[in-house]
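Common to both upcoming complexes is chain A, partnered first by chain B, then by chain C.
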Partner chain A sequence: MIDPLPPRPDPGRQRWRHGRDRLATLLISAGGVGVVAAVLAIGVFLAVEVVPLFLESRHGIDWRGLWLPQSVEGHALPQHRWQPEPLAPGEPAHYGMAPLAWGTLKAACWALLFAVPLALGAAIHSALYMPRRLRARLKPTLELMEAMPGVVIGFVAGLVLAPYVERHLAGALALPVILPAGILLAGGLRTTLPARLRRRLAPGWAGIWLMPWLAALAALVLWGSPWLEEALFAGDLRGWLEATLGLDYAARNAMIVGIAMGFAVIPGIYALAEDALSGVPGSLGEGAQALGATRWQTLCRVVLPAASPGIFSAVMIGAGRAVGETMIVLMASGNTALMTLNPLEGLRSMSATIAIELPEAAAGGTHYRLLILAALALFAFTFLVNTLAELVRTRLRHRYRRLEGTA
Partner chain B sequence: MRRTGKGTGRQWLALLLGLVISLVAARLPADEVAGTLGAVGSDTLAGLMLRWGEQLAEHHPGVRLQLQASGSASAPPALTAGTTRLGPMSRPMYEAERDAFEARHGYPPVELALARDALVVIVHRHNPLDGLSPAELDAIFSDTRRCGAEAPIDRWSQLGVELPGDRIVLHGRNVASGTHDLFRQQALCGGSFRLRLNEHPGSAATVAAVAAEPSAIGYAGLNHLTPSVKAVKRRDAEGELQAPTPEAVRSSDYPLSRTLYLYVNLPPGGGLPGPERAFLEQVFSAEGQSVVEELGFVTLPEARLERQRRWLEALPSAE
Partner chain C sequence: MSRMAGRVGRSEGPWPWLAAGSVALSLLLLLALLTLLAVRGLGHFWPAPLALVTLEDGQRLAGRAVHEESVPGGEARERLYFTGNRDLAGDIWTWVPVAEIASRAFPEELVVLERRRWGAFLGRLVALEGEAGRREGQAAWPALQARLAELEALRGERDRLREAVVTPLVRRLERGPDAAAEAELARANARIRELQADMAGDTLVLESVDGRRLTQPLEEVLRALRPNAMSPVDKLATWGREVWRFLSEGPRAANSAGGVWPAIFGTVLMVLLMSVVVTPFGVLAGIYLNEVAHQGRFTHLVRIAVRNLAGVPSIVYGVFGLGVFVYGIGGTLDEWFFAESLPSPTFGTGGLLWASLTLALLTLPVVIVATEEGLARVPDHQREGALALGATRVEMLTRVVLPMTAPAMLTGMILAVARAAGEVAPLMLVGVAKLAPQVPVDGDFPYLHLDRKFMHLGYHIYDLAFHGGDVQAAMPLVYATALLLVLVILVLNLTAIFLRHHLRARHGALPRH
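What follows is the complex of A and B.
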């Protein structure tokens, strides 16, 4: 039986409703266009402010001065040097942008080195192995971590963490080796436990029962730091680093920045990667295990490739945040415009330089335009990274869609 | 019930408002100095300016100081554009800034000295170092060694000081701050800092960093010193140690010292509006000068203070 047609609505009211719909569509698309226009306008503003730097001869800037080492008073060899104000009228200023770009990338690399293993490990564990009850608690906790302001993290890193690590250097450097070894040891010990106890310490709950063990281990290593230093380096690790490896040590260094900024990027990477991993159809993993794959094989060959687009964009977005992050680098790095590979020396990032120097730079002057140039470089970099993340993500997703489609 | 309750509340509010208005109205004619007073400039001077503003508000409740402390470099553009009449600065105006002001207004700004300030070289409180000669200081901090040192100084042992971490760690202010500039001119003989210098966005941060590191050395404004750091004296040519005492800073005998200025937009022969005039009177009064010492700065030499007081008295009234 066919339903009778619904009563014809009153034409006036229908027109009013159509109009309202059209208005809503218009407003929403205007909002979208507005956002895009605002982003473009920022880029255009930066570009317009930078152009006179190269056109007006009074600035005396060329690409060589910006990126190649220049001869500097007091040094025989050409140096990279950021010294935007001339020492005295008539003397040359040095506009070496390379140390700033280097510092930015160095800080971001160390942050990712610290954050990516932790965040991905946490995402894999919580998406695949963790009981739902625990997972429901973990996610809000990590979101809380994301809400922590950069200033606070930077302050703690610069004034608490940096002096502490300096005093317990041997222990702190031993931790990245000791803690993973401790986890493996705990896993090995667990298999020797009686069955009842072993059932209590389920792998899914490892996040809880490993915690006291790792905390005790870390405390032991840090507490034993002086003995460690005495035994292995004759009580002077910094002297040993300097003499043997040629590494200078600064209390506020790239490692501290990496830890602090890593802490800030972990929640973002975790959230995206976790979403991607839990989005992989459960039947895929179950199928693999049914065919005899071990858990590890299932993870590496099936689940990770299927979630790889999401994981890739998670890491990329983390990189974008690490490059743009200002306050943490400013407060934890010492702002020394060095250009070394040494992770134990300070650095100076573009964003921190802009934050410190822009308020004091005279608008329209060379220094001001150089800072805007740095801002433009940052803008271009984050734009590129985000675009790349999106492109790779869509391409990879396209490739793996077949996989998901059959599941 | 509720409605009546609300009604009485509103009545009370109206009554209170009326009372306040009548009180203010009764007060206003008694005190002819009222209005908002704007100042744009140095963050070093922010504390002093605010305290003077508070004192002024006690004497003239109608006056309010609105201070924008975003750095000395922000004062000249604001004065030139006419957005403010008062520009506190921690350094004298550069020639270019003065020219820009004159080109716009046709007369130079009036320069008033507010207080004296000094930079102090600081080390960790357990550091046994007593004094440094100018050449040693330059050899520690600079790349250029323009003050005459032969070799750079990188280690405490080169200065005869035994410290666990032998390498000297340098802390200082960021490029483009007045403090950084003054230290560079006076202590490095105009040379450039080493790249290893840890640059901090404020003097308080520098002091905190030096306090946390036994092998550190740094410099900060006199008013930022805390018991957690030790001030290093200056060893002059005769080998005598010289501390930044108030007398030495006041008379510029201590070389790392500077005058803090206030620039005023004042046409020649013209007068100052009431609030500005009252503010300057407050600054140069005995009560105003006591704040200078209270905040860790050094007061001006009496002769200069007296000269500025007389200048202020001779100034015609604006109305």
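What follows is the complex of A and C.
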């Protein structure tokens, strides 16, 4: 029904349409530039607020003083000390940022220690072994895990998990050994099963059918924790820890933070690592398998090296999230500004310090500006880490495309 | 990769099993968390049986078993009972060594009274004394039930009067003298006094199981239950009522009892305001970056930067909000428009507006990225087709491209809302309050009070769990609040996932090039 000779458009209307187009484009540009500028202004604001700290002499802050131990009354050796509000009037405040930075990194390290093996294992399993249908279900489930609010995880970690672990310490410390052993045992037992049952328990579905087995195992270990403690440590594990290893125990400690924050970063690392692994061109793996490699050998020698930049960027992004996470650390760590290697003691991270202290700090004061410095450090760290990860990922995508092209 | 899916050969060693185990473990952790929240959060409202415990030494107590644990350094176990009766016993918790329990019974006549002061009472009802005389024994319980229903109605009428009549009148009188309003106010106040008088007068005679008597004014009693005498259907009905109360009432007793209605309202309002701000700006920026801007190296860098801002810790946004919105813009607004009320700040302190703006900034990258992804998915030939038919760029965008991108934008908005609803850290800096029984919307001009502080579900959890007096008593409420928050966020995320899936399915059908 197309008219062979459409009516000539009215020139006035035409001009109006083009004017409208130009105006709208201008508006979109202005809005877009404005929004992008506002978002990027965060870094500028933080930097501008921090500069007076080092320029104005009234703050009495120098760069080295923030990070090196300072002399504290009553202690012979210089100490790292974060004590922004003096205990009594007249006493000096101590602004040592080192314990806060230490706490932040310690929490992040423990979180990664917990999350990276789990997330990478899950990514490898789902990229290599899982049937497609199951994988399509697993991804959104783990996305839901990522959406769990930090405050809920922090509450469960600080008020439920921490006291529970304190009461079942022996069992909890045994779990990292027993659970992997249990998984291997399940794998071994499966081979002895009759063929029909074995087919039912397919390796691709192992992520599902191992769940009840692991739950039962964990329950058993935690239930048997008192006996374990009795048998191995004469009923007093904490005394043993303190006497033999010199480790103090606090209920809310770095280990609890690591578990809770690990829970929060697993899905992020998983998603990116899985993308990297399943993005490796199929021809590579098929070639290796055709030459007689097993799937695991293919993974180690071919797929992992090809995907390693992507996995690296996944871990980086996980680290960025762990460093900046606030509510979990705030609620699960005890917030004691200590500088120890002991995983069973509390810590105080920069983000939690900002959340606790900034509302009370006088605007423009030394304390306020130092907290903004902490925020700037977090900003710079996460921004750099994420940019690095993003660049690596972009380059990786190009590489895959090239590999696919030549295959 | 799934083409390789099949059987794990025996030669592959232990590693594939460990990889599978990590999937199982991650899922198990998630499942454990959700189950814990669901069981504890919903279980709190179930009317649990009241045990009458007799100890070896003859002592008796009535209570609800909470949990049991072994005494450090021994085989003995102790059980914690919630025994209430703060006014009689001084403490509402009792630890009982399990070995010392001689007998346990669940007599039907045990009552739980929820009171405005002193918390719960657990014990026996002896008599109800009032204008209608004294009723004892079997007759007391039905009489109490009937009277409580009456009281509930009277209380409802009083509260409605206060809210709908008295408050507006007082506001009118504040603006200037008004004889008609004064007369009306006097009438309303008289009616309220009448209602108060109707409510007062009755007293309950109560007896705790260890034999101590107590007279309790009935108007202080909110609810009475006999959990041991209830049928499962009754219990279910009570459970439903309690859940509804939790959702619809304000907190009582320093947040450790009552409901979370103001927190729900505050969260929803803040998130709504935020999405009103973030959606247009995010979509605008997304369109600019993808459709208008010159696609050069600079735009590429800006795009990476915006993407990375999604990974910047939320607390940093909070610091920005406090420094720029609250102290910077808010302080200036106060100097210009609210100078008469200085030094007490109006906008120069945390409030609803600043919290929504901060969260809008926080979620802006989410919306931008989602919009851009949606735009990138629209095949170029659609654009070219529109342009070839003589459409201007804006016509092409509004008639062809944006309708196809709408689900992506919606997904972005939902994800932004889900993220914002769960964020607490920045709110602690820019305007959340421990207790703000006045919701920021009321009948008073300008109706929506952007400068007010507000309550938030997430912060409520933090505050209850870490700043409350009796954590043990607050725990069930924390669980329930956490469950509510998680449910809201899960529903939002599932919607987003569903939308995205639907979107992929739809665009998968389109020819690519």
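Basically, the second predicted complex is superposed on the first by the 348 of 407 C-alpha atoms of A that agree within 3 Å, B and C clash if a C-alpha of one lies under 4 Å from a C-alpha of the other, contacts with A are read in each partner's own complex, and residues count from 1 in each chain.
Note that in this section a contact is a pair of C-beta atoms (placed from the backbone, for glycine too) under 8 Å apart; a residue touches a chain by one contact, two chains touch by 3 or more.
All of these numbers come straight from a predicted model, not from anything done at the bench.
Under the clash rule set out above, the superposition-derived model of chain A with chain B and chain C contains a clash between the two partners.
In the superposition on chain A, A:V323 contacts chain C only, with no contact to chain B. Legend: residue contacts after superposition of the two complexes on their common chain; A:P203 is shown touching chain C, with no touch to chain B. When the shared chain is aligned, chain B comes close enough to touch A:H367, but chain C does not. Looking at the shared chain after the overlay, A:P176 reaches neither chain B nor chain C. Partner contacting the larger number of chain A residues, of chain B and chain C: C. Looking at the shared chain after the overlay, A:P78 reaches neither chain B nor chain C. Of the two partner chains placed by superposition, A:P52 touches none, neither chain B nor chain C. Note on the chain A alignment: of 94-102, 130-138, 184-192 or 202-210, the part of chain B that runs into chain C is 202-210.
Once the two complexes are overlaid on chain A, the chain A residues touched by chain B in the first and by chain C in the second are 158-159, 330-331, 355, 359, 363. If you check the complex, the residues on chain B that touch chain A are 70-71, 73-74, 77, 142-145, 165-167, 169, 174-177, 181, 184, 190-192, 195-201, 205, 208-209, 212-213.
In the complex of the two chains, the chain C residues touching chain A come out as 1-5, 7-33, 36-37, 69-70, 73, 281-282, 284-285, 287-289, 291-293, 302, 304-309, 311-320, 322-324, 327, 350, 361, 364-365, 368, 390, 392-395, 418-419, 421-425, 428-429, 458-459, 461-462, 465-466, 471, 475, 478, 482, 485-486, 489-490, 493-494, 497. Within the complex, the chain A residues that touch chain B are 72-75, 81, 83-85, 87-88, 99, 158-159, 162-163, 166, 238-239, 242, 248-252, 330-331, 334-338, 346, 348, 355-357, 359-363, 367.
If you check the complex, the residues on chain A that touch chain C are 9, 17-18, 20-21, 24-25, 28-29, 31-33, 35-36, 38-42, 45-46, 49, 117-122, 124-132, 135, 138, 140-145, 147-156, 158-160, 167, 179-180, 183-184, 186-187, 191, 202-204, 206-208, 210-211, 213-215, 218, 226, 235-236, 263, 266, 270, 277-278, 280, 282, 285-286, 289, 294-298, 303, 317, 320-321, 323-327, 330-331, 351, 354-355, 358-359, 363, 371-372, 375, 378-379, 382-383, 385-387, 390-391.
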